[in-house]
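Following: one structure in structure tokens, then a few remarks.
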């Protein structure tokens, strides 16, 4: 396994054309949210913006559109139809019709789980001819259907924490934690996906068997919402032209660095996802300037 | 009585494992709010996050869910059913079914008072097998039923200001203020609860008769919303593993320190609860660093 | 006429007891707002908090309650019943029943004008046995009824800008501007009210004929919302125990000082009411420290 | 073509009377927004405030009024009637009745496009006897009707990016980019309008054939929402008395300078429209002080 360092990230982060316009830096679509989880897709979308994407659209169940639209002026909104409070199959159709507008898809943050949710998700993923980041509840919904994605020929990036990894494998958290490198690597190879196994020393495993370890990050990141930021960042770097491996390398490192920097003043107790978002730019600057 | 000092707080504040994840730092449930009091449960929930809890769920009457969800991306939401505008007995059932998800319960901030509210609250408290912080309107609702809680074998932490203490005792504020130590100590012993009697020189009395006095704090904290922050902080430290006594010690001291620090620049007139929340992290840092 | 200076304000601003609690610093009621004017009562209420009031309740037409409650966690809310979109006479009854809860009333910011509005307002003012600040649309509604208030024996503080002053007098803005001192003084004496005639060199005239001139302030304050802050500040100082004259002296000076201070960095073009609110505390500190 | 410089902007930016009141600095009306695009008119309106306008009214489809009113206390709101989700012809009538209240109109940010939208817009523009800035979707709606505006005798300022310019001309982006100066100049002359062709080296062309080039700005501005800020700034300077050419000169330069300044700390990846808004005042100060 290789260690992610400043100089690795300096190479991995997509370079930006000074004369670029908003169309030059990609359009990220975040699909997530549910009545209990308003903040999750908001954090993913904001993180995509803060990491450099030119445009970000936030698609959510229509029932929470008013709450999100009241607090997030920087994103475009796409309310999706619901049935009994859950995203309906109409929502998949609506998304698929519009998918060509977007460069990358993040699905899962705060999405919730519902009986037909796995079917719902798989319909979307099968037709999404673009890199996709699956996070949070998206991973739980994906679990029984992961074999159906073998035919996809665009990158799939999974970002489980140890509990979600255990669920994907049908095993225990203890099992996962006892062999983080091995678990991530085997899953990535077997399913042909990128695995970002979050936690202390986040592991990135590629479908080809490459393994990266993130030396940064501590318990300032151990708070609800932190992971949503990471998925938005990965998508953002992909939207700007990075390959999935490079995007994930840059995202996990800068995300952790931002959390560490926030904790210097605010203590490791007190860092919120909103702080990390605000500090992303300075974290990026600090890495670039050390070049 | 013992004085709370920097070194006492350094011992009292729960330590954090660097490699911890959000599940390691506990899940606080805040139950509160009503149409006039939107901010109170918001402040308690934010304070719990800012003090280090890994997850915070905010449960509120469904009629105010839209307003809270539009301004608080960092918490999970649990809208509760209402009847004639008040929390219904269905809400208790819903909460009880989910209680095992949470490590600590805060009930009361902004909850309002209604005819059946005492009964409502007592049903919840009887089945909450976890430490509970009762604050604000929760205290008024609790008053006629406090004897029914004798059988509870988990800690109960009450955080009255002098007016609420007087109501609990059926006496006058003057009586309370004339013997703050005695009043708090007797009530704590008699009912087997922790009493945090807020005000100038906040007093903490334990069921065993231990007494602590907070030397910090001044009128910068004398503003609606300030107390809600304190109840959220106590719950947060308990969720992170502190015993109730230690959690309350750390919370009252850091809360007051944060208010004092804010007043240096903004004057004692102008400090808002939102300022205190923002400054909690720096207050924690300053105490820890003086170690 | 006397000039307001640092040392005058140091005497005029209400002193604060270090051991005071939120009940010690008064409860301000702001009545205002309408669908086009959401921010006006919000600014008045926030200003009252930022100037030291212990509690602030914001009463508004029920149709805009959701919007205000979604952005203002620091105030208590009192939605008022409406009829055809305007505050109904039921709203007066509801307010009058609750008036004993409050120490000072601000009425007018963003209230709008409607056919029966003058009658509505006068019913409220006649029964409000407390100091009242009438601002903005409240002044226009008051105009035809001002003689009906002769019997009130609690202070009435009017805060017109030159346009509102002209409307109160049935004259032109030019007339007002050509004799600001004379106009304010005569109106104050004749109607037994305090007049704060806003504008360049704000004038304060008391019922007894005392005149004060504010030397501070410039075009950084020339923006919608600025005046709403002033009315909230005056009410806040009264709620903390200042006499109306002293409250108005302190408010106009600190308000202007805050605007001037904001403009140093942000330029006079760019200062928003939200900036002035944030800077009130530092402006208070700077005046007090110069003592 | 002339280069915009500090000293040009120092002359172009409208001077402010120290004793001015909110009525002295003009009233901007922003018409925009649609369910997917909440932020666009918000940014334009905030930019108008941050650039010095005394009052700003934000008119939007009534269906998004709640979301905007919940996050923007600094503007006045004018909800407009909709039909099948789009602005109805009633909305034009309502606007026209009120137009005399405003000094400048911005139309287009986030407005969306609908079958009858071009007709809708043209009815408004024909009767708007005031300078008008048309931006974003407004430009697309305008395209088939631009010849109908020949009779207008008040300035029309168009602010297309390269894609919108191509649409206006019925040509390709490549064509536009290959001759930015020529394209802007010809369109401005031919239609008697001001053209602000945004992008790397923004071009301003006047109806008389004067051409200005903005040397500032880079990819920190390449994010959704950035352009909305520019249209609000131009309108704001016009409302304060600047001629359209001078307003556009000052706006494009200060807008770009603000973006550049934000990027110094936050990196070019991470600058959001909200950052640019916050920094406008400091950018104005820095230009003025260099005089």
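The letters A, B, C and D name the chains in turn, as written, and every chain counts its residues from 1.
One rule holds for everything that comes next: a residue touches a chain if its C-beta (ideal position, glycine included) is under 8 Å from a C-beta of that chain, and two chains touch if they have at least 3 such contacts.
These numbers come from a predicted model, not from an experiment.
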Starting from the Cα centroid of subunit C, hunt down the chain whose centroid lies farthest away.
-> A
If subunit A and subunit B share one sequence, what is the angle of the rotation that overlays their CA atoms, in steps of 5 degrees?
-> 90
Interface residue identity across copies subunit C, subunit D - same or different by half | different
Determine the centre-to-centre distance between subunit B and subunit C, using the mean Cα coordinates as centres, and give it in whole Å.
-> 34
Could you state the distance in Å from the CA-based centre of subunit A to that of subunit C?
-> 48
Two or more partner chains touched - positions in subunit A = 66, 70-71
Touching subunit C in the complex, subunit D uses residues 16-25, 49-57, 65-66, 69-79, 280-282, 284-285, 288
Which residues of subunit A touch subunit B in their complex?
-> 35-39, 42-43, 64, 66-67, 70-71, 161-163, 199-200, 218-219, 222-226, 265-274
